[in-house]
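The following pair of complexes shares a single chain, subunit A, combined with subunit B in the former and subunit C in the latter.
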Partner chain A sequence: MRVSTRAGLVALLLLWSLGPMLWQLYTSLRTPEALLASAGGLGGGWTLANYGAVLSGDPPFWRYLLNSTVVGALSTLLTLALAIPCAYALSRRGGLLRLLVGGGLLAAAVFPYVLLFLALLQVARQLGLANNLLALCLPYAGLQLPLAVLLLQAAFAELPPELEESALLEGFSLWQRLRWILLPLMGPAVVSTGLLVFLFSWNEFPIALTWISRSELLTLAPAMARIAGSSVYTVPYGAFAAATVLGSVPLLALLLLFQRQIVAGLTQGAIKG
Partner chain B sequence: MTNTSDPATATAKEHTTATSLRLEGLCRRIGGRPILDGITLEVAAGECLALLGPSGCGKSTVLRVIAGLDPCDGGRIVLDGRDITEQKPARRRVAMVFQSYALYPHLSVERNLSLGMELRGVAPEQRERELAAVLELLQLSALRRRRPAELSGGQRQRVALARALLRKPQLMLLDEPMSNLDAQLREELRPQLRAILCGGRAPAIYVTHDQQEAMGIADRIAVLEDGRLQQCGTPQELYHHPANLFVAGFIGRPQINLLPRADGTVVGIRPEHLKAVSSGGLPVRVLNREWHGASQLLLLESEQGPLRWTCDGNQALGDGLRLDWERRHEHRFQQASGERC
Partner chain C sequence: MSGLLLMAPALLLLLAVFVWPLLDYAWLSLQAQSVFTGLEQVPVGTLNWQRLLADGRFWQDAWQTLRFAVVSVALELVAGLAIALLLHQRWRGRGVARSLALLPWALPTTVMALGWRWIFNDPYGPINGLLQLLGLATVPFLAAPELAWLATVVADVWKTTPFVALLLLAGLQMIPHDLYEAFALEGGTPWQGLWRITVPLLRPYIFIVLLFRLAQALGVFDLIAVLTGGGPASSTESLAVYAYLNAMRFLDFGYSATVMLGMFLLLLAGAAALLLWRRHTEVRA
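== the complex of A and B ==
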């Protein structure tokens, strides 16, 4: 393939995947008048007012960011804390049990969870879990556990068994083997699994919408829906776009921070180490 | 690695007490198929026993069962007078050098060696002392900060050995520790490994499929085939008095000549025990020859079958070649059972 063709294709691909994001960024920086006048135009009408409006809302936007971060972090930690032992146990089992449990986990992982949210709402009502950020972590961790166990189990299975056997003969306890030998070698897999859980919790909408009604406890997704629907007569495109941009910044930072581990995690097992 | 009497070696071995290992009818089955079928063996304190056999004969399984990594389906393992058959692997005080070395890839040489001691609760000063001693002994001091990926095969093997020594094992197990090294390095390392393994106080079991390596390292060799012990003895015993056809064929290179007889026996005669005679003996024809420098190997054809003859490098060859051997060099086996007569 010629260099120019290749460059053209790459540019097209980038435009395709980055286009919506760039559009949001553009929208967030335009005045409402400029947006209506000439969609896509670059002259005049640039403003930071949309950001000002979002940040000075009540409660302020950083509150939603904080809520989502807390829920995301706790869900991720809870999921990993449960998934790592499960995955280890599963990877060390053979035969029928592993097949059955693995199949069950796969079924649970691909089940469309949206079908569950009404039932979950009922559970939350019964147990008094509504309007509680910590309680929100329970369905998030529960829903992501199957996928996390499957991913981590594959990572455990890929480590050469002699490594653990060697540590076993050296007198390491189970916890010591996990802590000092296995988990450090699974860094990429643990990081990418954790990020998937975090992303899910960051983006989750139906459960967050139905479990949380107090505005200072809202997470990002329902909070942004509120911004979008805050006025009867106009659609606040600018404010909505500004909220979207602000809401994706922490994710971008996280992805950049763990970029290397994510790539390593995704390609794990592609070639023999 | 110098000789065993230097202080570094002494430190590395100070706490190991003289122990011996006894296997009594060790069995291991996988899916009903016997992998090990009643292995009975004894290894004395400070003795190095080689487990020799073709691949798939169960020799690595013996190590794994002794270490407790594989379950024992019958028989007993007695180490230093105590029955360890049902004991957890971590409590057996057994160290193993794996074929792949199993070094922890994310840790430096130093950490690879000291982590185990640290987690076992060895005091920091003692840890440092023992680490320095073993690094010295195995000439690893300059490499202590490297990761396993930055080491050559031979260096990795020494780190694995060092880690096993630091375990202060009552029994040392080595699973083909040299199979990943090139031939020249293997030959170089053999005496060094022997110096470290033999003369220690703990017994060592060395698994290999290379009979030359087994002869070079071990005090005694146990030959395994199909999960059964064929013969156990010194290299000399195995060579001069093979218990059956399998051992006769497996030990000694070039391979022994086996000539079937009409009475249902097989006569075995080593290639170097044949000699040329002017009359009588067996008339042969030269098919091929390999020149080895001091000697040459001739592949011959006779009315009793093909023959290998190791002879003087200057042996004149002619069509009228006749070979014979002294009766005392002859081994006789039952054709059917393979057992020695």
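== the complex of A and C ==
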């Protein structure tokens, strides 16, 4: 392919991927008058007031980001704590059980989980878990376990068995073998699995939407939907755009920092699962 | 034995999250539980199921969901392959470009659905701004059924093509370069190489992409809930949105459970068809 053709295609790709985001950034920095006067104009009318409005709202926007971060981090820890022992045990077994569990996990991993929201909501109400931010970790861990176990199981299976056998001869207990021999070698797999779980929990919508009604406990995704629904006919979108930008920045940072691990997890998950 | 003990906590949570809801729906679909029963459960036999079979909106939404999923995933597959081929070549800045191209996939769907609503806004969004600049009439993208449907497809393709591209890129990296060199020596053009080498060898990856993406697209909820709310006149409503409305807006829990179970059965039939198709093509190949 000619270099100039390729440069053109790359530019087109980046324009397509980033254009909508850049448009939000532009909108968020314009005054209402400037937005109504000319879409895409650059003269006059720049402002930070939209960010001020969003950050001083009730609750302030950073509260949603904080809630999402807390839920994301705890869900990730809980998922890994449950998935690692399960994946280990699964990788040390052969035959029918592994095949059956593996098949079930794959089916669960691709299942459109939105179908489960009503039954999960009923459980939450019966157990008094509605409007409890931390309780969201339970369904999130459950929903992400299939992918996490499949990924970690494949990583365990790649470690040479001699490693564990010699540790066994040294008299290491199961916990010691996991903690000191196996897990240190699985760093990349654990990190990429954890990142995928974190991204899911950060972005999850239908369950957070139905479990949480108090506005100061909302995570980012339902908060955005509530912002969208509250003022459908409010034009222009300056404040909306500011919210979109603020909601995107943490993920952009995460992506730039961990691009390699996220991509590894994603591709491994699909291929080994 | 200790193996089962290690797996038990995870398996219990999995049963609670995936299996219990389906059993719950099976029970609930045989009950009336709505505002008319004071939200109490009253056994009604197969009444909900009879209603489902005759419910025009359910079948309309099933068709709309299928159309949305097939068209979006087909476009994502073509665009994703093109992007994967581009990102597979060696050039400076490829790593950064891969990161940036992945951004749409990483963002919360509700965040960008709100963004797209502004982009499609009539008359103040950028697309209509451009049309006005060219002296053309503005287009009410989200107020006309066909256009609103197109808007949901565009937003979905934008959001999930990076995922497809990455999986296909992983597949491309598995294809030995010698194959292309040998093919070129025998006088094959790159375009022929794409169809005779790349696509056949990518087939397992394409299958995985289809499996993941079709399942997700058939369950589409976040995007439609925020971008169009299912409108105008439920023309973009998906089955998941309909099930949600039945439970949370119409407070008809028995019927909502029936809709979700009905959707589950349709998905199961689709998955079986896909597996049969794969077996068929494998035998042929």
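In the analysis below, the second predicted complex is superposed on the first by the 251 of 273 C-alpha atoms of A that agree within 3 Å, B and C clash if a C-alpha of one lies under 4 Å from a C-alpha of the other, contacts with A are read in each partner's own complex, and residues count from 1 in each chain.
Here is the rule we use: a residue touches a chain if its C-beta (ideal position, glycine included) is under 8 Å from a C-beta of that chain, and two chains touch if they have at least 3 such contacts.
None of the values given here were measured: they were computed from a predicted structure.
Asker: According to the stated criteria, A:Pro112 is in contact with first (subunit B), second (subunit C), both, or neither; which is it?
Answerer: Only subunit C is touched by A:Pro112; subunit B is not.
Asker: Under the stated touch criterion, which partner chain does A:Gly57 make contact with: subunit B (first), subunit C (second), both, or neither?
Answerer: neither
Asker: Look at A:Phe172 in the shared chain and tell me whether it touches subunit B only, subunit C only, both, or neither; answer first, second, both or neither.
Answerer: It touches subunit B, and subunit C stays clear.
Asker: Mind working out whether A:Pro184 is in touch with subunit B, subunit C, both or neither, as first, second, both or neither?
Answerer: first
Asker: Considering only the touch criterion stated at the top, classify A:Pro160 as touching first (subunit B), second (subunit C), both, or neither.
Answerer: It touches subunit B, and subunit C stays clear.
Asker: Does the superposition put A:Gly194 against subunit B (first), subunit C (second), both, or neither?
Answerer: A:Gly194 sits against neither subunit B nor subunit C.
Asker: Should A:Phe205 be classified as contacting the first partner (subunit B), the second (subunit C), both, or neither?
Answerer: second
Asker: Which partner chains sit in contact with A:Gly72 here, subunit B, subunit C, both or neither? Use first/second/both/neither.
Answerer: neither
Asker: Check whether subunit B or subunit C contacts more residues of subunit A in the superposed model.
Answerer: C
Asker: Please give the residue numbers of subunit A that touch subunit B in the complex, ascending.
Answerer: 160, 162-163, 165-173, 176, 180-181, 184-185, 273
Asker: Please name which positions on subunit C make contact with subunit A in the complex.
Answerer: That would be residues 2-4, 6-7, 9-11, 13-14, 16-18, 20-22, 24-25, 83, 86, 89, 91, 95, 97-104, 106-119, 121, 124-126, 128-130, 132-133, 158, 162-163, 166-167, 169-170, 205, 208-209, 211-212, 215-216, 218-219, 221-222, 225-226, 240, 243-244, 247-248, 253, 256-257, 260, 263-264, 267 of subunit C.
Asker: In their complex, what parts of subunit B are in touch with subunit A?
Answerer: Contacts found on subunit B: 67, 69, 89-92, 94-96, 98, 100, 102, 104-106, 115-116, 119-120, 163, 167.
Asker: Residues of subunit A touching subunit C in their complex?
Answerer: 1, 6, 9-10, 13-14, 16-18, 20-21, 23-24, 27, 35-36, 38-40, 82-83, 85-86, 88-90, 92-93, 101, 108, 110-123, 138-139, 141-143, 145-146, 149, 174, 199, 202-203, 205-206, 210, 220-222, 224-225, 227-228, 235-237, 240-241, 243-244, 247-248, 251-252, 254-256, 259, 262-263, 266-267, 270-271
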